[in-house]
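Given below, in the form of structure tokens, are the structures.
In what follows, chain A forms one complex with chain B and a second complex with chain C.
Now for the complex of A and B:
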């Protein structure tokens, strides 16, 4: 009797909703909140191989942070990360926006071609990395071959092992990987602008450039904000491409914060150092996430 | 002088022809209504004038100048859209000043013209609001204001009142009319509502299936419809059509079970015709040409009484100004003046 009552409560009553919420919250606590907080805690502790198994470790204050700032590779890696994020997003966004505008024009097959663009997005980043490794290969890579055939370069460029090029090679691959995502999100935003608003602007005397600047751009503002915020978050967690292409080398020339954090945590076992880098990135991502949420709210206000 | 001249305009969408050989002159300062059922091409015609649709063949002149290949922004026409098409990211003030800002008019002039339009339309207190914060009627006014500030040669209206409720629609109808009187700019007004067209326009163009059925002043269309379509479209409630035959002397027609009605002009004896009788012309006192019917349905609204009456197998709608009490199944003697009987060719629909 009691048992069937419980089943009934779970199936038909408030118990069903409660169960769903508890399941979701439990999942988040175990797989998101705990690792996140644990990482933050570790960044304030002395963690070494001997204390790895315990939760209670000597409190280190801000020493992990000051140590990190004094490392010689700190400044170059921060700088690399900034370049990586800025260039990736700048090009993903402009190329993605241009393509979204292009596919908005109604030409035969536009929807199919736009669909093909998504193919790049569904590939795993490791696979994309492997493909780009071949493209960038110094001796037999197709990029060098193309540039030489066009007469643009004489010798070979060692895209992945030359410190002058390594970071930019990773950025190029990452831009390619991110374009479809940007294009689709921006396409959705563009499709949301009613056609008669453009017609009204045309009647009011706006030429095509004025229509873009005074109608399209401002009305896309919230979408652009959301896409940039998501772009920053995705770019800051772009680990696979770095791993597949350069592993941060040569000599940290293409190393970025997210890869550095992994290197310290799981290659050199400077676990508190890795946690410290991760904690600083969490802080940055939270700021960006707030901007994203604000942006989405503004999107709904039109 | 004509503000807009359209000659032999055709518009095709692939194999579908949306407009057939449209020729139309719109005099300077006129208020012209393009009216017809949905899908008749009235909006398409307006959009070709605006330049938002290309034309397949023919000529459109605005102020004597051929504008066929001109972009909408080069034609100096202002348009009020059915959906209003306000710029959602701009305030009311910015919406109205947009065209002037594009033309780089001095700030003082922009403020003055926007202020004037806002005053005319009663929008002064709403200037800082966004379209989303406005009611339907207020949005409609902003759309009008956006057109007014430009002081254009021509106003184009694409069913501007169809999204408003009935009361507001009646109010805006007279406001637009007043506005037209004060501004004096030529207006082309698209509507599917014949009452809107009748009450507002100087000139009505009735369109059907992409063709002009008739052009005329509102009462001319009512009194002398060129064909069955116009006769049925203009006037509310719609005209009754009853099959009839001209009798041997050519001076009367026989309807229903042999009721004879004298017709205004003699017709060819024995000819099959369609008799058109307006509901408001059918009198309940039986004066004039007499018809005997039975009451099917009676609806009284106080000021008006609508009766659906039956003569043989034909139904007649009667509109009587006043109250009249009877019941379904009761006999009814109707009368109509001979001059109020319209005759149409049953095949071509042309008025005889």
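Now for the complex of A and C:
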């Protein structure tokens, strides 16, 4: 009796759809929300190789945080992370926007050729990192050769082992990875601007630059905001490139927070430290995500 | 005339952008002596196919198999849990549904390199690390599930509501309407999103690197990374390895390019 009632509930009415949502949400709660909370808990505990297996660990208060702030590498890594995010997004967005505008023009095969760029998005970042490592190679690398042929540099640049260049090498590879996604999203935004707005402006005598500044940019505002927010989120996820190119070296010159957290947990086994960095970074990512979701939802309600 | 000039420029931009992919395969065809020439040969002067030698030498088949297993597991869990949830969320209205959708989107953005610490400790408690590939599947599916729900939900919102209502009027249950009417209509979107999930999982690195301690169980990303740090001068071997690894990905991409672009653009901003 009870069983047939349950079957009926699942087959009909709201029960079916409700169950579908609950199943997925439950999975996400166990494998995403729970670890999220657990990492916050661990950032207030002493966690190392000895207390790893126990559930009840000594409470550490804020010492994990104060220890972290007093480490000599803390400030440089925070600074690196900021440079990494800012430069990556600035160039991904500019190049992606320029390409999106270019491919908006009417010529044969434009959609197909534009789609070819997505090859960069679909390749595993670790493999992309391996290929860029070969391109960046100091003595026989093709990048140094190209720059020398163009007369831009004289000697060899040791991209990955010179502390002055290591971070920028990772950023260059990351810009390469991010261009296609930016371009595709911005293309969608551009396609949404009605053509007659441009025609009207053209009849009023507005030139290309005026049309870009007075029509394209303002109408692309919401899309640009969403793309920047997604850019921050994706850039803070970038781990594989750092692992393939520099492993944060030399001497943390190219280390960023998301890699540092992993290094502490899995290479030096300072698990509290890793959890503490993770807590702060996750808080940052969630703030950006909430801003992004709310702006997209407000957009849709119009 | 101007249109063909634009096409020429477009091809030039694409060629510059895709140069790293070309360089990977060009290097894979060079001899180990000729890669250390300066200036480098932009075109391999004496091309040498070394794929099968590298494949056997590094036991690449084993690691590709592990990657395939992991990616299949992730895709299966994602499709199983995600399809229904995406459909229900496309229909649902009200505060509860909004909270669920919000949760899904926010949980999608959590960086794996930061989530791996608590997951490792928790998996260690419950003994899941004894089954490292399962651990990778379970952890990664949490990430792909959210991505899948967001994209598939966009597909389901494009299926007209009236079709489902008509099916219900005709005497179908909600279950029947979902399987017989809605799923076939949304099939293309579901398949493309699943392909994207599979391709992403096939290149997963953070969780595999952190959970899988046994060499024989490593995925191809982890094995390639190990090889990269141990023999960083064997570029011919490395580029062959990388080229073999991404060849299936590139083939799927070329075949489904148009659908992938459409699938991404329809759901990514919503």
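The definition used in the following text is that the second predicted complex is superposed on the first by the 283 of 302 C-alpha atoms of A that agree within 3 Å, B and C clash if a C-alpha of one lies under 4 Å from a C-alpha of the other, contacts with A are read in each partner's own complex, and residues count from 1 in each chain.
Following the convention adopted for this analysis, a residue touches a chain if its C-beta (ideal position, glycine included) is under 8 Å from a C-beta of that chain, and two chains touch if they have at least 3 such contacts.
Predicted model only: the values in this text are computed from it and were never measured.
**Q** Based on the superposition on chain A, does the combination of chain B and chain C result in a clash or a fit?
**A** Overlaying the two complexes on chain A (C-alpha atoms) leaves chain C and chain B fitting together cleanly.
**Q** If we overlay the two complexes on their shared chain A, which of chain B and chain C does A:287 touch? Say first, second, both or neither.
**A** Neither chain B nor chain C is touched by A:287.
**Q** Count the residues of chain A touched by chain B and by chain C, then name the partner with the higher count.
**A** C
**Q** So in the superposed three-chain picture, is A:194 touching just chain B, just chain C, both, or none of them (first/second/both/neither)?
**A** So A:194 only meets chain B here.
**Q** Could you say whether A:219 touches chain B, chain C, both of them, or neither, answering first, second, both or neither?
**A** first
**Q** Touch check for A:153: first (chain B), second (chain C), both, or neither?
**A** A:153: touches no partner chain.
**Q** Per the contact definition in the header, classify A:202: touching chain B only (first), chain C only (second), both, or neither.
**A** In the superposition, A:202 touches chain B alone.
**Q** So, A:210: does it touch chain B (first), chain C (second), both, or neither?
**A** first
**Q** Tell me, in angstrom, the smallest C-alpha to C-alpha distance between chain B and chain C in the overlaid model?
**A** Checking C-alpha atoms only, chain B sits 13 Å from chain C at its nearest point.
**Q** What part of chain A is shared between its chain B contacts and its chain C contacts?
**A** none
**Q** Can you name the residues of chain A that touch chain B in the complex?
**A** 194, 196-197, 199-207, 210, 214-215, 218-219, 221, 301-302
**Q** Write out the stretch or stretches of chain B touching chain A in their complex.
**A** Residue list for chain B touching chain A: 50, 52, 71-73, 77-79, 81, 83, 85-89, 98-99, 102-103, 132, 146, 150.
**Q** Write out the stretch or stretches of chain A touching chain C in their complex.
**A** Those in contact with chain C are residues 10-13, 16-18, 20-21, 23-25, 27-28, 31-36, 38-39, 42, 47, 52-53, 55, 99, 102-103, 105-120, 122-128, 130-135, 137, 139-142, 145, 149, 176, 179, 184-185, 187-189, 223, 226, 233, 236-237, 239-240, 243-244, 247, 258-259, 261-262, 265-266, 271, 274-275, 277-278, 281-282, 285-286, 288-290, 293, 296, 300.
**Q** Taking the complex as given, what residues does chain C use to touch chain A?
**A** That would be residues 3-4, 6-7, 9-11, 13-14, 17-18, 20-21, 23-24, 27, 35-40, 42, 77, 81-82, 84-85, 87-89, 91-92, 97, 100, 102-107, 109-122, 124-125, 138-139, 141-143, 145-146, 149, 173-176, 178, 199, 202-206, 209-210, 221, 224-225, 228-229, 232, 235, 238-239, 242, 245-246, 249-250, 253, 257-258, 260-261, 264-265, 268-270 of chain C.
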